[in-house]
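Two complexes are shown next, each including chain A; its partner changes from chain B in the first to chain C in the second.
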Partner chain A sequence: MQSVVDLIQLANRRLGTELTAHDAERELAEVPCWDSVHLLRLVGLLEAELGRPVPVAEVLEARTLDEIWTAVSGAVSDTALSGAVPA
Partner chain B sequence: MTTRRDEAEARMRALHAAGALAASYPELAGLLTALDEAPPAAQPADDACDWAGRVLARLDPGEVLAAHPGTPVVRVAVTGRATAAGIVAPLTAQLARHGMLMIPYSGGHGGYVQELADPASGLYAHRPELTVCLLDPLTVWDRLPAPWQPYDVALEAERQRLLLAELAAAHRAHAPEGAVLVLNTVPLLRRFTHQLVSLDQRAELGAVWREFTADLLRMADPAAGVAVVDAEPLTASGIRADDPRLGVYADAPCTARLLAALARETAHLARARRGAAKKCLVLDLDGTLWDGVLAEDGPERVRAARSLRSGAFAAFRRIAEQLAAQGVLLAVCSKNDPEPVARALAAHPDWPLNADDFVSVVADWGPKADGIQKIAAELGISPSSVVFADDSVFEREAVRAAVPGAAVVPLDAEPALHGERLLADGWFDTPTLTREDRARADRYRQRERRERQRTRAADYAAFLRGLRIEASAAPAADGDTARIAQLTLRTNRFNLTGVRLTAAQVARRADDPAALVLAVRAADRFGDDGVVGAVLVHRDADGLHLENYVMSCRVLGRGIEDAVLAGLLRAARRDGLPAVHARWRPTAANEKLRGFLTGHGFTAVPDDDDDGGAIRCRHDLLHLPPAPDHIRLAFQWHSHLDRTGPPAHGRGSRSGGPADGRGSEGAGRQGSSRTESGGTRRSRGTRERA
Partner chain C sequence: MRVTGPEGPWDEVREAVRVHGSVVVHAQLDDWLPEDLDALWLRPVLGRDYARFAAMTHQQIRSRFVASRLLLKHVACAVIEASPQSVELAYKPGGRPYLRGLDQIDISLSHTETLLLVGLTRKGWIGVDAELSDRPMLGLGTEKQVCTPHERQALAQVAEERRNGALVRLWTLKEAYSKAIGQGMRFRFTEFGFGPEDRTVQVLRPDGGRGTGAEWSFHTCIVDRRYTVSVALFDAGFGDTDDTAAATMLDDGLVAALAETADAPPQAPQAPQAPQAPQAPQAPQAPQRPREAQGIRDAKPAREAQETR
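And now, the complex of A and B:
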């Protein structure tokens, strides 16, 4: 995964959402096809896709897809994170 | 290589992209079944199903019903201690996989106590048939202040259990009649057990928790509308119960896989509740029941324990034997010559499962779909009540294509996994097991003897007379309610209105002074069939209303269904009732009953309600249909309470009454003649009303 566009594609493919690149900056609460339940699932999907754990608290606190991507991509070098919980 | 699963996913994604999921709803069950099949090892098991659930959960049920009005609907409410909404999507997919359409209600966050206790809650406003109260792995622990001892856990667990018992009672009182509250046991997490450093206390905590689990499981009572899904077999199969991060950050402790597994079990429960349990397991032989190929190796070699794999096949045969002992009919459908099959299945002390365990064996070289149709016809069941297990992809696909509705179990070259595959979908699950279930295979064998006799008898009427059939219809006793509920659930062909009842609903009707539940029993010289049918009626000023009439397909064609209806009409006339009202409501399988009522002297009456194409009928009791003269019928609808006098309370013939069993058949007949000669004029219904 290289960018928030990949993250959007992942969500569309695995969560059945219809997000577009324009939704990246929108507040998730205002995105019609988004549901808070999706966010919980997205954590597991991201970890499976990236093959490493993501900072869950930051992802859950993110208000936009961009912020999720920042939280996730910023964690690449963070070796302090322990192993992911198998989905 | 493209698998069936990949094709199904591609098809489903195409339907989703085209916005055609609602329009194609009937097709989805097959696609979801394919999606659910074991994926390649590299792919996480539930991904495709998870996606499908999310997509389906966003469909408008109204749109599905507009396109397919006959789709069976399940109204489901979801609640829980923590966030429970995560189970909605997997449950939507699992119900769709079994052909049902979920109409969900997902409550407020963690408000299960208020939602279940308050009759005015949104949960009850949804009028759920199924309420899932999700107990996550933090249940009990969220209320324990540190530091704690095993004793504190025991106290808090007991409080939790008492609370759940109260909520279950509230659910029974406020949810629609027959609704089921689904609870689950709570997995015990290592991060709790290992907070105790002394091994003896840790063991004690384990024991305390298992007692809590056992108490929860003992709350399960189909008659009281409570079901409990045991989470331990699910976690033991390798499903992690919780994600501590989602638990603490989002109050959603359950993993997606645990939710998916609970949803799967809950859908089985919904299916069993609808009476969609399968009746017959049709097994292939080569590669399914034994190692090797009969036509090449011969009967002795396939039966010899000559490899490690033999033990795996033996274990699978024992599972089939175990199912058979609970009323699942076993049959064989094999591409082989009949004679070597008969030799291979001949009884042998060391060989679980032999010819006697199978109610039907088809061994020929025709298509297996034909074999299954033949087995179903022989047993008098619908081919869609069959579960077919085979290790050949070709045979499975052929059967899937030609026998709609039949369940197909994908076995493969690994016999050690046959058992898990067979049991994965709980095809034979039923709310309760009755005496009749355990004796079912014997009764089908009697039926077979009867059939042989029939083909010998030149004249069918003479054959029927030779059977010396004795039938009775009498108020249902306590012990009959489970069986009668099961008859309304499982009987499809002779089910006049398709009204299906739980045991609790049957018991309530039996207790209702204006209603009456009659159990129909039958026996003949080949054996006793036990309770084979039920008549549900209620009375009002217009006369008698026949709410439903069901008869097991096992006894159809012997005239018992005619005799009992004639008996009912006769009794209604003797009681001076103005008329008997009845209706036929079409279901997927009861088309043959369309003319049943008019064939017995009822006349169709115009009906303003559009009740799914139902035909309303009325019998004015002037000209009664003749009773078949080859049946001795004891018809009795007055319970002994009428004779003894105290107020009607509890069910009809609790003990010693004519409904209690074969031993009192004679008494039943006398009771009937006394009734018919006018000794007792009032039924329970009229007396209570008077």
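And now, the complex of A and C:
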């Protein structure tokens, strides 16, 4: 998973939503096919897709799909960074 | 209580609040949808919400936004006996709606599909939530994100044909409770639970132990044969009043004291003292609900989750 577009594709494929790339910056409350059930299910999907826990609190606090991706990808970077630091 | 449009029945809504202290009103979106979403009369009715509404581009979102605000304002104004234009809807940090200057009532808003839902109480806090009763949730990983270990065990005991409905019920109860305490989904749904519907419903700890007391009450019902609706109600213990009308809500003694103060001769200035913020009762075992006395009142809503979904 490389970008918010991948996240959107994952949601459409597994949640049955009809999100477009234009929805990435839209307030979640103003995305027609989106609701809190989707949000909570997305947490589980992301953890399965990435094979690791995601920062749930940050994801649930996110206002847009972009912010969700930032929370998730930030955690990716942190993980990668911590892995790169010599013991 | 079903309300089919601006014509009411408002007497019944007022009577429900007078007798019970609270009311939950449901409506269909089409009944509250103006013919012209760009009509000028919407501007004063929506008030500060109008700018947000005007910036919305998606027709479905615009329709739901305006219809839900109209319903909420009409319900509130029926209770306080004022005009919808005179009431201002504002949002607390986190998105929870409240009526500015009307601390005598608490409100909650939800919608799903074409159903609109408004809860109103003069007892303390209220949260409402609605979901399609047959919305698929079971077996999709939802249980892990929604249920406590105790709830998952209890769900496993429910007959398979009723299990998804039982999960939908838990979901709406948790949403309603989270809205009532003003936490939205920040209070993880796996950190508190609810028991089965055949007993008095109360908040449970993850292990099934009792989490709250009698100050909380919960109700779940089916609306229009297809929606599961849950209500969480907190009795703050402030006492009760059967008068919520905006014109008469001021205490006579307070008004007399203010009038007396205004008529009194000026006194020498004193060193200012820090005002004491009123302490709201806390929900047992739950994060304290942000109160206007403790923070910023008019922040832009972070998202609409607490308000609706």
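Just so we're on the same page, the second predicted complex is superposed on the first by the 76 of 87 C-alpha atoms of A that agree within 3 Å, B and C clash if a C-alpha of one lies under 4 Å from a C-alpha of the other, contacts with A are read in each partner's own complex, and residues count from 1 in each chain.
Definition applied: a residue touches a chain if its C-beta (ideal position, glycine included) is under 8 Å from a C-beta of that chain, and two chains touch if they have at least 3 such contacts.
Please read all numbers here as calculations on a predicted model, not as lab measurements.
Asker: Between chain B (first) and chain C (second), which does A:Gly44 come into contact with in this model arrangement: first, second, both, or neither?
Answerer: Once the two structures are laid over each other on A, A:Gly44 reaches both partners.
Asker: Can A:Ala11 be said to touch chain B (first), chain C (second), both, or neither?
Answerer: It touches nothing on chain B or chain C.
Asker: State whether A:Glu27 touches chain B only (first), chain C only (second), both chains, or neither.
Answerer: second
Asker: Counting only touches as set out at the top, which of chain B and chain C does A:Ala57 meet: first, second, both, neither?
Answerer: Both: A:Ala57 reaches chain B and chain C.
Asker: Which residues would you name on chain A as touching chain B in one complex and chain C in the other?
Answerer: 37, 39-41, 43-44, 48, 56-57, 60.
Asker: Could you pull out which chain A residues touch chain B in their complex?
Answerer: The touching residues are 13-16, 33, 37-41, 43-44, 48, 56-57, 60, 85-87.
Asker: For the complex, give me every residue of chain C touching chain A.
Answerer: Contact set of chain C toward chain A: 56, 58, 60-61, 95, 112, 131, 135, 137, 140-142, 144-146, 171, 175, 184-186, 188-189, 301-305, 307-309.
Asker: Once bound in the complex, which stretches of chain A touch chain C?
Answerer: Residues 27-30, 32, 35-37, 39-41, 43-45, 48, 56-57, 60-61, 63 of chain A touch chain C in their complex.
Asker: Enumerate the contact residues on chain B facing chain A in the complex.
Answerer: Counting only chain B, the residues touching chain A are 16, 44, 47, 50-51, 54-55, 58, 83, 85-86, 88-89, 240, 243-246, 249-250, 252, 255-257.
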